[in-house]
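Two complexes are shown next, each including subunit A; its partner changes from subunit B in the first to subunit C in the second.
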Partner chain A sequence: MSSLRIATQLQRKSFRPGEEVSGAIGWTLDKQPKSAEVRLFWYTAGKGTRDVGVVATQKFEAPQANDERSFSFRLPESPYSFSGTLISLIWAIELVVEPGGLSERLEITVSPTGEEIVLGKDALHRPANNAAA
Partner chain B sequence: MLNLRFVTMSRPSGIPGRLFGSLFFVFFLGMGVLFLVLTTKEVVKRGETLRWPIVPCTIVSSSVAAEKSSENPFRFAVNYQYQFRGRSYHSQRAELSETRSGNYRDVLRMVERYPEKAQAICYVNPAHPEEAILQRSSFWFALLLVVPIPFIVIGGLGIWAMWQPPTSSLTQPAFSRTVSPRTRSFSLALFFSIFLVAGLAAFAFLVIRPMMKIQQSRHWLQLPCTILSSEVRPHHGDNGTTYSVDIFYQYFANGKEYKANRYSFLTGSSSGYDGKAAVVARYRPGTKALCFVNPADPTEAVLVRRVTPEMWFGLLPTIFAVVGVCGLVYCVRQSRLGKNSSITAIPAGFMAGAQSPPTSDLGGPIELKARISPRMKLVGGLIVALFWNGIVSVFVVHLINGWKHGRGEWFSTIFMIPFVLIGLGLVGFVVYSLVGLFSPRVKLTVSSASALPGARIQFNWTLEGKVQRVSRLQIYFEGREEATYKRGTDTSTDKAVFATIPIVDIQENFRVGSGNAELQVPACAIHSFSSEHNKIIWSLFVKADVTHMPDVKDEFELFVLPQPLAPPMKV
Partner chain C sequence: MRPRDNPFRSACIERVHYRFPENLSWRHLIQHLQQLGNRAALVGPEGSGKTTLLEELHERISDLGYRGRLLRAQPGLLSHIHAQPITKIEFLFLDSAERLTWIEWQQFKWAVRGAAGLVITAHRPGWLPTLLECRTTPELFEQIVSELIGGDLRDFTPATLRELFVAHRGNIRAALRGLYDLVGGANSYTLPTLSSKAQRRANCSRSWFGATK
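Moving on, here comes the complex of A and B:
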């Protein structure tokens, strides 16, 4: 039976922009794959058509049928993980093995606070600013 | 030490779902195969004539036969005699299929090519010598073989995919696999190219070609002619009946008798009946008229060589061409964006998405431009209204004609009501936008068009135009989500405001003309974000209530930046 595995260092799920995300991935397959790579990316979820931004990719040379490798990525300064009424932006690390398009995904949170930003809660209504006419 | 998470995913594979899906694709495949078989049979049949031996023949009789009951009333009636393997045969076939036309001249040309008693060649089927033709059919027909191929491929692949066993329990599309914007732009460009080509082709056929003919006919001979028959010819189709003017007339050129049935240079039929009936009434059978004859080819004649009212309808396809051009321009711009900043690869330390803060932001105060200017609103509304009403009007005119002639269709009329209401709404929007051009204009100058959360932006505003009619002015900062998605064939964008920060609210008219204020971006504000279908937009809104005129609501986008990364520590 085939299986893909993915984990971050110390099983961390929350990161700040600019931080390094590192960890290990592994797979057990019936036969030797042609290629294996891990991608750092964000995607949108919600009402809108899904958009995807692949930030970095790490390819693994000579992948074996049963293998385990480590990975490391530097996070960019944006976008932050957020969730609103219509859109959520989710960061993830994905392992993709070919042929067959096998994949496994691990979701993480990227924001200055380390927590997903909830729209409407964090952007507060404020009193009127000073105006001079 | 790393702990690895083991996952096993299952793929749903219900038999009823597969059966339903297969049925859908079988229909596709079946239609494609049926069309391919029929087309191939015809191509093979035409191809076989290439092996038919060429034999001399004598034309016994040749004429134009008129059969009024047919929509293509003129038939090439020919009889020729030939010898094959020592035996004499007669044939009445000019081509594999009957040679017919709605245009008298097309058939007359055949008569002139094969006149009585003339020697010609014919092609004889060696297996059935009683079967012969004067002309081989065109092989352009073989191009139709391409048409069913997409249906067969889609149908075949669909059925194959339905019954493919899952290769692995882990097989699921990787989220990070994306289609590049350039590929998407190419597909879209293909779609708009069809609009453009169809629009231009229709324009060329309905306007350019008749206009060129009108120009050429300026030097034609003006000759007296006798009207032989005159009627409005109906053409029955799937979408109802259309009509054309059918006037058959006789004239003499170079001492020889000719006949023709062309009324004007715009051929074809349309839904209006009354106009055609009025034309027919002017050309009663037996009456004399003047017709214009091509001196170089006296078989070519026309009754009216001026621009007829029907020709103005030829301008309608230009709407399709305009839509095609606008779409292609959009595609080229998208493709350039894709070249410069693909959403699939974001440079580290830069804002997500294609949009970046304006470069002009570096040198102090700048005047912002409204996201949608009143002129853009008017032009956009006008294009949509013309496009929508152009299409709807074709059906409405057809329905009105039906009612006028006692053939009203209740179901079609009720069906069209919502489409007409939408069209009227669009016309209303265009009128509203037009009046809106005369509402006061807003000028907004800001100290910076982009800011970090917590930063302050100074701005000043000026209203121009009919400021005395402004009863209230509000300026507020708003953050909203925009999600674009497809529902069926429609693309919709939903918006949700998550933050509104009032800044200015003035109800005294003497104070609204100009002023300045300060905006503080909330410290916890999410940064601006723009990907292809999803956006976080921060904007300053200037809203003016205007008496007896459309209110002003202009939006000026500002960019909230993400917190810059801390510089790397020096060791």
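Moving on, here comes the complex of A and C:
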């Protein structure tokens, strides 16, 4: 049976923009895969069309059937993880192994506070000078 | 509720499979398609599942030894076909054929005459022989809602769902988007209004599932 694993260092799930995200990935497969790569990306979920932005990809040379590797990405300054009325923006790290398109995903939070920004009704209607205060 | 947790977000709606009416199945659909010479149309109003069924048929066509190609009726369609000529093992699936003008449709048919098959979606019959008429019912809408929220319908009375279904004229996609707003707490959401004639027509929809033509 196939299994894929992703773990960030110290099991961290929230990060600040510009920070480094590192950790380990692993897989146990019946056969040696042709390729394995880990991606850092964000996507939107909610009403309407989904949007995706792949920020970085790391490929692993000569992957074995049972393997473990380390990865490291530098997060960009934006976008932040947030939820509004229509969409949420979600950051994730994904391991993809071919053939078969096997994948595993780990969601993380990227924001200056370390928490997802929630755009409530009040936040949306607050005047800009008050919001900055 | 955050959009990412909303059970009616687009990612969840896209995972809903097409539900065949009673007495119909994939086997019947494929048989009927072959009887029609592999040239046929999925017909039905907006939000009745035509595109969902077309995409699922596209995924299954390789089981019959064909290579499927999914096309959207949009500007540049003919140039796309000329750039990647059709081969004899290709089975084409064209979504929203009615977006093509009559001339474009004739040019398209000529350009793809060598393909193994062609299935299109359209709102009205007449483009190609009808393979299946896609219809919706309040019961079908209720089943889909139940699937999306994990079987627990206690937050939605049948009357609420029926009202939503009728208000959206049986367009399940639009009704599910309406539920997204209701669940998400959007203040701006109001049910669309219908003329009394349309209301009567929508309320008489128990037998909307049509048989194949």
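As a working rule, the second predicted complex is superposed on the first by the 121 of 133 C-alpha atoms of A that agree within 3 Å, B and C clash if a C-alpha of one lies under 4 Å from a C-alpha of the other, contacts with A are read in each partner's own complex, and residues count from 1 in each chain.
In this section, a residue touches a chain if its C-beta (ideal position, glycine included) is under 8 Å from a C-beta of that chain, and two chains touch if they have at least 3 such contacts.
Values in this document were obtained by computation on a predicted structure and should not be read as measured data.
Colleague: After the subunit A overlay, clash or fit between subunit B and subunit C?
Modeller: clash
Colleague: Looking at the overlay, does A:Leu106 come into contact with subunit B only (first), subunit C only (second), both, or neither?
Modeller: first
Colleague: Which chain, subunit B or subunit C, ends up touching more residues of subunit A in the combined arrangement?
Modeller: Touching more of subunit A: B.
Colleague: One more residue to check, A:Ser83. First (subunit B), second (subunit C), both or neither?
Modeller: Second partner only, subunit C.
Colleague: After the superposition on A, what does A:Glu94 contact: first (subunit B), second (subunit C), both or neither?
Modeller: First partner only, subunit B.
Colleague: Looking at the overlay, does A:Ser3 come into contact with subunit B only (first), subunit C only (second), both, or neither?
Modeller: first
Colleague: In the overlaid three-chain picture, which partner chain does A:Gly120 touch, first (subunit B) or second (subunit C), both, or neither?
Modeller: First partner only.
Colleague: Under the stated touch criterion, which partner chain does A:Ala62 make contact with: subunit B (first), subunit C (second), both, or neither?
Modeller: Neither subunit B nor subunit C is touched by A:Ala62.
Colleague: Taking 23-31, 167-175 or 347-355 from subunit B, which overlaps subunit C after aligning chain A?
Modeller: It is 23-31.
Colleague: Could you tell me which stretches of subunit A are touched by subunit B in one complex and by subunit C in the other?
Modeller: 46-50, 84-87
Colleague: So in the complex, which bits of subunit A are touching subunit B?
Modeller: 1-7, 9, 11, 17-18, 23-24, 26, 39, 41-44, 46-56, 68, 74-80, 82, 84-87, 89, 92, 94, 96, 100-106, 112, 117, 119-120, 122-133
Colleague: Looking at the complex, which residues from subunit B come into contact with subunit A?
Modeller: 2-8, 167-178, 343-353, 475, 479, 481-486, 494-496, 498-506, 511-512, 514-520, 522, 524-527, 529, 531-534, 536, 562-566
Colleague: Going by the contact rule at the top, pick out the subunit A residues touching subunit C in the complex.
Modeller: Those in contact with subunit C are residues 45-50, 83-88, 90, 118, 121.
Colleague: Provide the residue numbers of subunit C that touch subunit A in the complex, in ascending order.
Modeller: Going by the criterion above, the answer is residues 2-4, 6, 9-11, 177, 180-181, 184, 186-187.
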